[in-house]
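Note that chain A is present in both complexes that follow, paired respectively with chain B and with chain C.
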Partner chain A sequence: MTTVSAHALTLGYQRQVILDRLELTLPERAISVLVGSNGCGKSTLLKALARLIEPWEGRVCLDGKAINRQPTRTVAKSLSLLPQQPEAPEGITVRQLVGLGRHPHQNWFEQWSEADEAMVQRALLHTGLNTLSERAVDTLSGGQRQRAWIAMAIAQDTPLMLLDEPTSFLDLTHQMEVLDLLRDLNRREGKTIVMVLHDLNLACRYADHIVAVRQGGVHVQGAPKEVITKERVKEVFNLTCRIIDDPFFNTPLCIPFGKDVPG
Partner chain B sequence: MRRRLWLFAVAMLGASLLSLMSGAYWFGPLTIWQALWSPSPTDVADLLIRTTRLPRTLVAMVVGASLAVAGCMIQTLTRNPLASPGLLGINAGALLVIVSLVSVWTVMSPWAWYAGALLGATLAAGIVWWVAMRGRSLSGPLHLVLAGAALTALCNAFSQALLVIDQQGLDTVLFWLAGSVAGRPLATIWPLISLALIAMLCVWPLARSMNVLAAGEAVAKGVGLRVYRLQAMMVILIVLLAGTSVAMAGNIAFVGLIVPHIAKGWLPVDHRAWIPGCALLGATLLLLADVVGRVVILPGEVPVGVMTALIGAPVFVALIRRQGVRHA
Partner chain C sequence: MPEHWVIRLPGFSRIVTPEPWRRVGAILLLSLVVLGVSLAVGRVPLSLSQLGVALTTPTSENGLIVIQLRLPRALLGALVGGALGMSGWLFQQVMRNPLASPDIVGVTSGASAAAVGYFSLLATNWGMAWLPLAAILGALSTAFAIYLLAWQRGVAPLRLVLIGIGVSALLGAVTTFILVASPLTTTLSAYVWLTGSVYAANWSEVTALAGWCALLGAALIPLMRLTLLAPLDDALATGIGVRVQWTRALLLVVASMLAGVAVAWGGAFAFVGLVAPHMARMISRTTGTAQAVMAVLFGACMVMLADLLGRTLFLPLDLPAGIFVAAIGAPFFLTLLIRQRR
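What follows is the complex of A and B.
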């Protein structure tokens, strides 16, 4: 199996430190969600975990081995990434886009194998895109487009999936659709999923493990019930709120107060 | 897709035949066939075809194909549909070296000019690449565009200053300023032609990786593509293709910009189709532009660079307007 962890991870942009000696080990076969206020470094952390950014100090490990010491193609067989707001090439079809996920499994001699075809077909079925597979990605709706990108990550066939805000700019229905799909992948195939989410309540609903990032480090982590409390939310987001129990799902439900603080 | 590519190939062959036939004197296909395969040393037609029309046709073919393929690559590299190979400062760098050679050192050997043009193109693109890089990765396509624009302006300023001082130099380099495929004997340009063809062959194996890069750097890195290495190889090949073109034929506008768009309109979204498609279509269009330029003001000639600009500018405007509508 594949575990991802960060050790004394320090990095930033230009001169500014964003992550400062961060330590983190994410649970296997679970859904982990990174939360935190804007600019706290959670997206940067995800990018570092996906080896998109080179750390200044410390390292990211995949199964205990430093990730940037391994060939990037080998890493791509155990870790897939969906960046924030990806842009598909103009006119590319859904099937072609999903096929790009097979890149790490291809080589000079075998450019497109039956296994590749089968994986693409499976990813299309999983995401309910099999009837749209010949459509151009830029003609799809936002929710369908996001599913196409997730299908590409599924076709990559990795035990670990990292997703940077997979639900942003989607309406509530499509947010739920994407999250249900990811939970399905986790429950049925045991995939480890790590994502950045902005919506605390959806994070509580879908996460097994929540990591709250603050000031370049892990402020607190654990099960949603342990992490999402009135005090923690105040510390992490500087937000006054009340936490109640979700009457249907029994997960924490955050009611933000903002200016209007009820008596 | 195969059928379309064959169609392009037939079009190119037709255009090259037309290029051999047309000019101040018209020759029939039979005369051409004879001149190519069983020439007689005393026949004026054979001589004209072999020493003038054939090199000119070859240069137009190779330059058109090279510029179009280089254009296709730079558009993928910068993710900018309006990018062209000149963007890396290649044309301006080549021109500056040629102008310096002519007016400062009064070098008049074509060999030195070709080598100089290639050197200038390489240096310019190298500087642009270095400016746009941060650490071990390209710091975004926009930096490449801006650095290229700055260097182009700088090089052109120097070239113009040198030419204002040295009026005679202007006559010599007018050929490069206007862009022409005429008057290039095969004996002097075969190294450039071979270099361009080798570069074009090296582009082909990268086509599949370019498909991945087109989905964006982060996605490409995520699926295990060595992005920086691919980008560097693409820049080297663009410099080779566009550099040899500018050395052979000078400034030829718009081919590298417009041909990729036309080719993409006909082909599926796949660099494995685009690269051969651009090569064939680029060659065809430059051949046709040259033929038209040859016959339109007989007995004079319009340089092919002027012709492509005349045809290309309206197409370019149409392209921008269509893009504008789509983004609105």
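What follows is the complex of A and C.
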């Protein structure tokens, strides 16, 4: 089993502290969503969990062992990462891109084993890209491209997937498509999914566990119903709102007020 | 026609797309044609049958011309161009910048400054035998300096390019200073060398450079997989388990060495390292080993052709190939840029 956790995690850029003695243990086989206002450090936290940033103090642990001490290839077998707005190398085809996800499982001799082929096929099928596999990634639409990146992460075949705003710059239809796909992966294969989302209502719909980040620490965490209240939203986002029950899905629904506060 | 070939042996597996390799084959044929023409054309023009006779009778007059003069010269040109093409391709992959090449990021300038310094300060006492070594060391130490200057908790590709351009300008000034301060005869031969020339190439030079190229080529075999991952952004590459900084440093060393040895035996050819990879990319958009091999072949063709023009166009003058590389390369490059903007 693969667990990821942060202990007294402190780090930042230049001299500015972004995360300050942050403690976090994420539930296994669940979808966790990091939320918070711009610049609160949620993306930084995700990067630190993915070993992209070295902590100043404290540590990130993968299965109880410090992640920065483990060989990066070993880590890549249990943790895959989709950064924000990744850019595909010029001219690369969908199949090649998805195949890159197999890198940690390959060596100089074995570069297209039966397992590689099977996993790439499966990832293409899951994401509905099997008919587009020979197309160049830079000719795809935004939604297709995002699915190609997710397919690459799927092909990596890791129990843990970290995604930084996988739905940004997608229209609502494609946002739902991506989130449904991720939930499928979680429900069917028991993958632990950790992602940053901007849309609080979608976060409530899809998350099993919400982590609200504020001032470089975890402000509150738990199931959406417990965590998302108007007081919390005010604290975390500095936003006046009302929370109602979603009439169809029974998850919290946030109605932001902005300037117009109804009587 | 299959889109891929899958090779599976016990403990060994590959997926190969045959399409770009077919094009590699075509370009290889083209290179051989260029080589053949280089051997046949010159002050003593030979027909195809005469060329055949000359190649099989090394002691005949034509045999001497072809085997002792034209062949080593063409092969040295091919090796120099091939090494520059590969070096440029590697730089463009690693720096993720289509403008990166050994002459633009300063590695060629480093080799030039070292070689010209050797020319005017040490050559009178030590002879010319150590010139290649000076050039290689110049290339490597410049690459090292650029890398150190660009380091900021890791090296970002764009920063490498920009610092390289700065260092290149600085080294250009050093070279000019040495040239101006040296006696006229030294300046003249150094100037020819700076343009790039394979004039009076002999077999010992060809074998020496071929040895270096084979060594560096062998080093690239296990690294090829990493060169294909180099254009990925750092976060993605780390995510799939690549040691990003280590890979980048390693590939830069090989790319700089390739440029260093090319410059050491052929002089400071401009444009080959920049244009050859672009030609390869036009023929095969997909990055891969086939594309790298194309860059090598295009580089080889460019220098062979340029030298052919240099020694035949203005007979009896024998002009340095570097002039013609720029004459072919520059217009080509401009067309490329203009087309890309549209």
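As a working rule, the second predicted complex is superposed on the first by the 263 of 263 C-alpha atoms of A that agree within 3 Å, B and C clash if a C-alpha of one lies under 4 Å from a C-alpha of the other, contacts with A are read in each partner's own complex, and residues count from 1 in each chain.
Here is the rule we go by: contacts are C-beta pairs under 8 Å (C-beta built on N, C-alpha and C of every residue); 3 or more make two chains touch, one makes a residue touch a chain.
Quick caveat: nothing in here was measured; it's all calculated off a predicted structure.
Colleague: Put chain B and chain C onto chain A via the superposition and say whether they clash or fit.
Modeller: Here chain B and chain C cannot both sit on chain A without a clash.
Colleague: Check whether A:117 is in contact with chain B, with chain C, with both or with neither, and answer first, second, both or neither.
Modeller: In the superposition, A:117 contacts chain C only.
Colleague: Pick one for A:134: touches chain B only (first), chain C only (second), both, or neither.
Modeller: Touch status of A:134: second partner only.
Colleague: With both complexes overlaid on chain A, does A:93 touch chain B (first), chain C (second), both or neither?
Modeller: In the superposition, A:93 contacts both chain B and chain C.
Colleague: State whether A:156 touches chain B only (first), chain C only (second), both chains, or neither.
Modeller: In the superposed model, A:156 contacts both chain B and chain C.
Colleague: Taking the superposition on A as described, I'd like to know which of chain B and chain C A:180 touches: first, second, both or neither.
Modeller: neither
Colleague: By the touch definition above, which chain A residues appear in both interfaces, chain B in one complex and chain C in the other?
Modeller: 47, 50-52, 72-77, 80-83, 86-87, 89-93, 96, 100-101, 103-104, 111, 156
Colleague: Using the touch definition from the top, list the residues of chain A that touch chain C in their complex.
Modeller: Within the complex, chain A contacts chain C at residues 47, 50-52, 72-77, 79-83, 86-87, 89-93, 96, 99-101, 103-104, 108-114, 116-117, 134, 136, 156.
Colleague: Can you tell me which positions in chain B touch chain A when the two form their complex?
Modeller: Residues 79, 81, 135-136, 208, 211-212, 214-216, 218-219, 221-226, 264, 269-270.
Colleague: So in the complex, the part of chain C that touches chain A is made up of which residues?
Modeller: 3, 6-8, 11-15, 222, 225, 229, 231-236, 238-243, 281, 285-287
Colleague: For a test of understanding, state which residues of chain A touch chain B in their complex under the given definition.
Modeller: Touching chain B: residues 47, 50-52, 54, 71-77, 80-83, 86-93, 96-97, 100-101, 103-104, 106, 111, 152-153, 156 of chain A.
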